[in-house]
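Given below, in the form of structure tokens, are the structures.
One chain, chain A, links the two complexes that follow: it is found with chain B in the first and with chain C in the second.
Presenting the complex of A and B:
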């Protein structure tokens, strides 16, 4: 287990390095001068600004400085927001995105396992048909559409009730978080439901379930201990990529619900060619996602001992 | 004594082997025939296949059939909801209207006899009333909602000063609809009285002959006489916030969105197939190297890098930004297919029939084209079908956050982005693009599910 863990962590570090390099290359291929919209009124000021951001040095040197900064956990100063460090931007806004993402993943995982198990239990009967129809619908509707229409619905509900049941937009209390995290998690939940259903069906027809039945175990025990536990395994494997999809998919939900998360900063930074913020957020997100995948992999190795042998 | 045995020639005829040969009761089916039969058998899959083909036909032929310019603005019908074709009444050109004055004869805090001086039209609404003694002036309000229930008078659109003023002309952005006008008297401190006179006005869409010619509805203005009806350009799905025809934009948007949604998956699945089969077939060091590269690319946060790559390629002035998006999608999309194909190739390579074929002297090319590719084709096809909705989603997502196709090129995502800003007042501008994106993705998802079942080797020969 220890060697496996170390191997995965080492792989993760190399991956993060690759992400950082790819970001650096992509950023330096972007046409346009990041200082063009600065207040460089003459040559001297332009030179000073370039010096301040290290743009006067050769690209190879900038790359070394950039990697060194990452090693020290320092992403530099924002280009467009005077004297604001990228670290501060991440520190202030990432918790918001992370909270939203964690809630969404929790919602997706719980809902997916619950509905998947339900559909498998009621195979080809009404609950199965209804849920699977909703699932295919949820997979097919883009998240921004769901977000917009849930907002419209909330407005109507609040007007009808005469008081604010759940806020339509904004961030702060738990009540603000409910609808956005549900919207964000919906697509993943639908995907997990399908996965859970097929995995449940596969388990149900396996030999050890028949043995358990033959032994005369109570159905509830068979369901919980044998079916559910084994059927959840494939769901756990895709949780890593699911977290990745959800955190980056959060951009749109943050935009629609006016949530002050990191995604909005990234989009703004891209529009303003804010080099340091773009590189900082990308590397940060990349490292976060890679570590999430590793955590899920290790978790999986812990749940299912067969994996560790590989 | 010997018995003469007599043989007849017939005895030397060979005995015919009358083995009961097994006759197959129906002609054997090839893998693809069998799959096609199963695909046709599933009503849902067949319907989704038809829907996908209809969408393709719509994207190709749509803009010819409905040949309205998607960039043309109809300034008479902005943010128009879907409606029946409407027409306008031809009226004489606008002539200025002199304000009506009358000596106030009545006391009180509200004007009386509020009425229209002439039929209300979209050209002008002309109100007249009996003025009040001692009034400093009159404020005119206009509302698009009924003012009676909660005394919400709407917008103050004008004020006339002087007790003897008895008229107001409203020309502000009039639409053919019902308006609720209210006139409020102000006292010497210009404070508004609480009482108000109200009038409900239904405006008629009118246009002058000169304007009709200017907008290109008629060749020559002289054929129109006041009192004629003229048909307005018809927008079956309404117009957007700039007065552009929604149907035309949806059809052109289909070209953009479906082009990206279909061509990008085709390209990256192709790259993935080549990459994966090379890795799976060559094996060893090459395999390790190729797959390590794929691992790295797969680890990149997809949407962040879509945005980064898209801006790295840049959009010049006048370009639509479709090509950069295509390149970015291909660059980031291929590794999952490559992994899948490699796995398939490795699996097929171990099959007995491949070894048999090799023993019989089959060359590499023959092996690849006769055994490997047909065996993996089903999986590749299913991947391709499922890659289409995700590419459409990505395009819509990027256009939605303003990083996608550059305006004025219509795409479904950018239309949804524009529609979401006015979704409270004009929901149709969001609804139609959202519906068509969802329907397209739904069709491809159902088709993918059906194909997966139909091409599943384990399902062979079953209905």
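Presenting the complex of A and C:
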């Protein structure tokens, strides 16, 4: 187990290095000057700016400096917000994205597993049909539409009630988190429901369930210990990447609900060619994604002992 | 044929499993709520934004509003953008300021004298920083030296080139101490000019000319203006809270010299989002006191019978041509042909369709002032009447001069905003329909577009310009051959001469004549195709009064705003 863990971590480090390098190359290949702005400056100022950000050096040297920075855990200063270090941006804004993401994933996982099991139990009957219809809807409608509509609905509810049931936007208290996290987790929940449903159905008709019934195990035990536990495996597999995808993919939800998360920096930095923020957020999210996958792999070994055997 | 229903499990297991599932569901719901509670508690100790109040609280003099973006730079020596200047205009004050009717009034300076070769400002003795220290002439000298210091690499340094040696210092030829601004004593600021400047009073009202206190600046060790406590304030308000990307809170500055004129106590901005839909929803909900509307929200606003306000945000948008000799657009007849089919009225009314937008007919927008009245009334721009016949004649002339049978496709460089799309497609269609010209749209994000503009990789480009100060010169020198913003490389000695006159003369009449001449050249030589003057449409809570909207400078300005109980 230990060597397996170590091997996975080593693989992860190589993956992150690759992500960093590929992003670095792609970023410099994109045309456009990160320092250019609407108002033209003179050459002296241009040179000084380049010096400040180390852009006067050859790209290979910049790469070495950048790698050194990563090792020291320092991504430099933002190009667009010149007073802020990229580390501070990540430190201040990632917890917000993470909070939102964790809630969304918890919402998606719980909902997905419960609804998935429910639809499998009621296969081809009314609850199944209704839930599966809603699932298709939730998968196909993009999150910005869901976000906009749910906000509009909130406004109408608040106006109708005459007091603020839930805040329309903003961040800071429990009441702010409820709607955005549900909106963010909705698509994943729908996806997990489908996954859970099909894996439940597959398990229900499998031999070992029949054996369990035949030898007279109490049905509750069969359901919990054999059906649910086995059916949840594929769900756990996709959960890791889903956590990373949700915490990084919250850009639209963050915009609509005015949530100060990292997602908007992730997107806006690319548009602004903010080199340091691009690198900082990509490497950070890359490392985050990779570690999530590793955690899931280890968790998988815990749920399904067969996987531990290499 | 009869189809038998497939047998379904109706054994006890299904019911039991159902009960299990319900239990599990209830349990996970409890868990979920507990998780939320824990996370909410965690984020409250790490300092999320505070709980926002309602839009308006008359009793405490508080208004709540949203910010479109986080202010990127509150160091006035390096600020360049509207979002930062909005905050700076409330928390800082320059030598002069604009009042509610956009007249220049005393700020930190109680009187001033502007001469052809320089200016003197006498500072009031009750101007205080928020820590109680007096605002002195030294604070201005330090700020201005910092701006032109090439080590500071300020983008707006050029706006101090009017002060003696400003440009030489900025090029690294002289040390910052050589700047022609000296503090004779704490309350007298003496300025020497590089060349006569007829609008220095307007310049010193601009955010870049705001004071910075040297000892405080140095004590922050490179973190000046990084956070709310890394700034010291001398304006009507001070920033008491700044959670980056989340929350800015301004409170009345009790030490401000003119504090009796400031009637709001708190401007709270706990929402930061660029989504106009979200902002309008917040307004509808009664969470914020004002919202700027986008095109999508207009129908809704009309239905709700909101009392909408509109004003020009000062900027002008146009199509620029590439005048590099290898480009077809350097040919006058080709440009003339395009100009003769261009109809900005059609573009604005039928294509853009946003209230507040005005069809542009000149580089100089409608709000600029001339000698006595509005510039555009004193110097009406030559009218170009769309004329298809004449346009085709010019197109034929262009083909002859260029020696081609057909004009090859022209590249129209444009941005990625929705309005830029509409505009580009309109022109593509128009030029094809009227003149049979093929236009290729090259859509780029901002930095890439800028890169292509600077390197000259375009025939036409959808461009725009926002004013830096309220003088026609902020637009007037754009096409001077030496101007770095002249990205099409237009080069016309006759226009250059007029720019020099406008820059160096002190006589308002001579200067405005020069701008009138520049305006005529731009149209007669078909240097650009004016498109529109941008406008903003907004809605305000009727209890909020006295907010000033401006085309240049602090916008909106809440310094003189106040609240009423029953509008």
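Here, the second predicted complex is superposed on the first by the 305 of 310 C-alpha atoms of A that agree within 3 Å, B and C clash if a C-alpha of one lies under 4 Å from a C-alpha of the other, contacts with A are read in each partner's own complex, and residues count from 1 in each chain.
In this section, a contact is a pair of C-beta atoms (placed from the backbone, for glycine too) under 8 Å apart; a residue touches a chain by one contact, two chains touch by 3 or more.
The structure presented is a predicted model; accordingly, all values stated were derived computationally and were not measured.
Novice: So, on chain A, is it clash or fit between chain B and chain C?
Specialist: clash
Novice: Does chain A have more residues touched by chain B or by chain C?
Specialist: C
Novice: Using the touch definition from the top, say if A:141 reaches chain B (first), chain C (second), both or neither.
Specialist: first
Novice: After lining up the shared chain so the two structures overlap, which partner does A:256 touch, if you call chain B first and chain C second: first, second, both or neither?
Specialist: It touches chain B and chain C both.
Novice: Once the structures are superposed on A, label A:2 by its partner contacts, choosing first (chain B), second (chain C), both or neither.
Specialist: After superposing on A, A:2 lies clear of both chain B and chain C.
Novice: Once the shared chain is lined up, is A:23 touching chain B (first), chain C (second), both, or neither of them?
Specialist: first
Novice: Is A:155 touching anything from chain B or chain C once the two structures are fitted on A? First, second, both or neither.
Specialist: Both partners, chain B and chain C.
Novice: Taking the superposition as given, does A:214 touch the first partner, chain B, the second, chain C, both, or neither?
Specialist: neither
Novice: Which holds for A:107: it touches chain B only (first), chain C only (second), both, or neither?
Specialist: A:107 contacts chain C only, not chain B.
Novice: Considering only touches as defined above, state whether A:168 meets chain B (first), chain C (second), both or neither.
Specialist: Second partner only.
Novice: A:126 in the overlay: touching chain B, chain C, both, or neither? Say first, second, both or neither.
Specialist: neither
Novice: Considering each complex separately, which residues of chain A are in contact with chain B in the first and with chain C in the second?
Specialist: Looking at chain A, the two contact sets intersect at 30-32, 148, 152, 155, 255-256, 271, 273.
Novice: Quick check: in the complex, which residue numbers of chain C touch chain A?
Specialist: Chain C residues touching chain A: 6, 8, 11-14, 16-18, 20-21, 24-25, 28-29, 31-32, 35-37, 39-40, 42-44, 46, 48-52, 66, 70, 72-75, 78, 80, 150-158, 170-172, 223-226, 243-247, 270-275, 277-278, 281-282, 284-287, 445-448, 450-452, 454, 483-485, 487.
Novice: List the residues on chain A that touch chain B in their complex, please.
Specialist: Answer in residue numbers: 15, 18-19, 22-23, 26-27, 29-32, 136-137, 139-145, 148-149, 152, 155, 244-245, 248-249, 251-252, 255-256, 266-267, 270-271, 273, 278, 281-282, 285-286, 289-290, 293.
Novice: Report the residues of chain A in contact with chain C in the complex, numbered from low to high.
Specialist: The touching residues are 30-34, 36-42, 44-45, 48-49, 52, 80-84, 88-89, 92-93, 95-96, 99, 102-103, 106-107, 110, 114, 117-118, 121, 123-125, 148, 151-152, 154-155, 158-159, 164, 167-174, 177-178, 213, 219-220, 222-224, 227, 255-258, 260, 264-265, 271-273.
Novice: Considering only the defined contacts, which chain B positions touch chain A in the complex?
Specialist: Spelled out, the residues of chain B in touch with chain A are 295-296, 299-305, 307-309, 311-314, 389, 393, 396-397, 400-403, 416, 420, 423-424, 427, 430, 434, 437-439, 441-442, 445-446.
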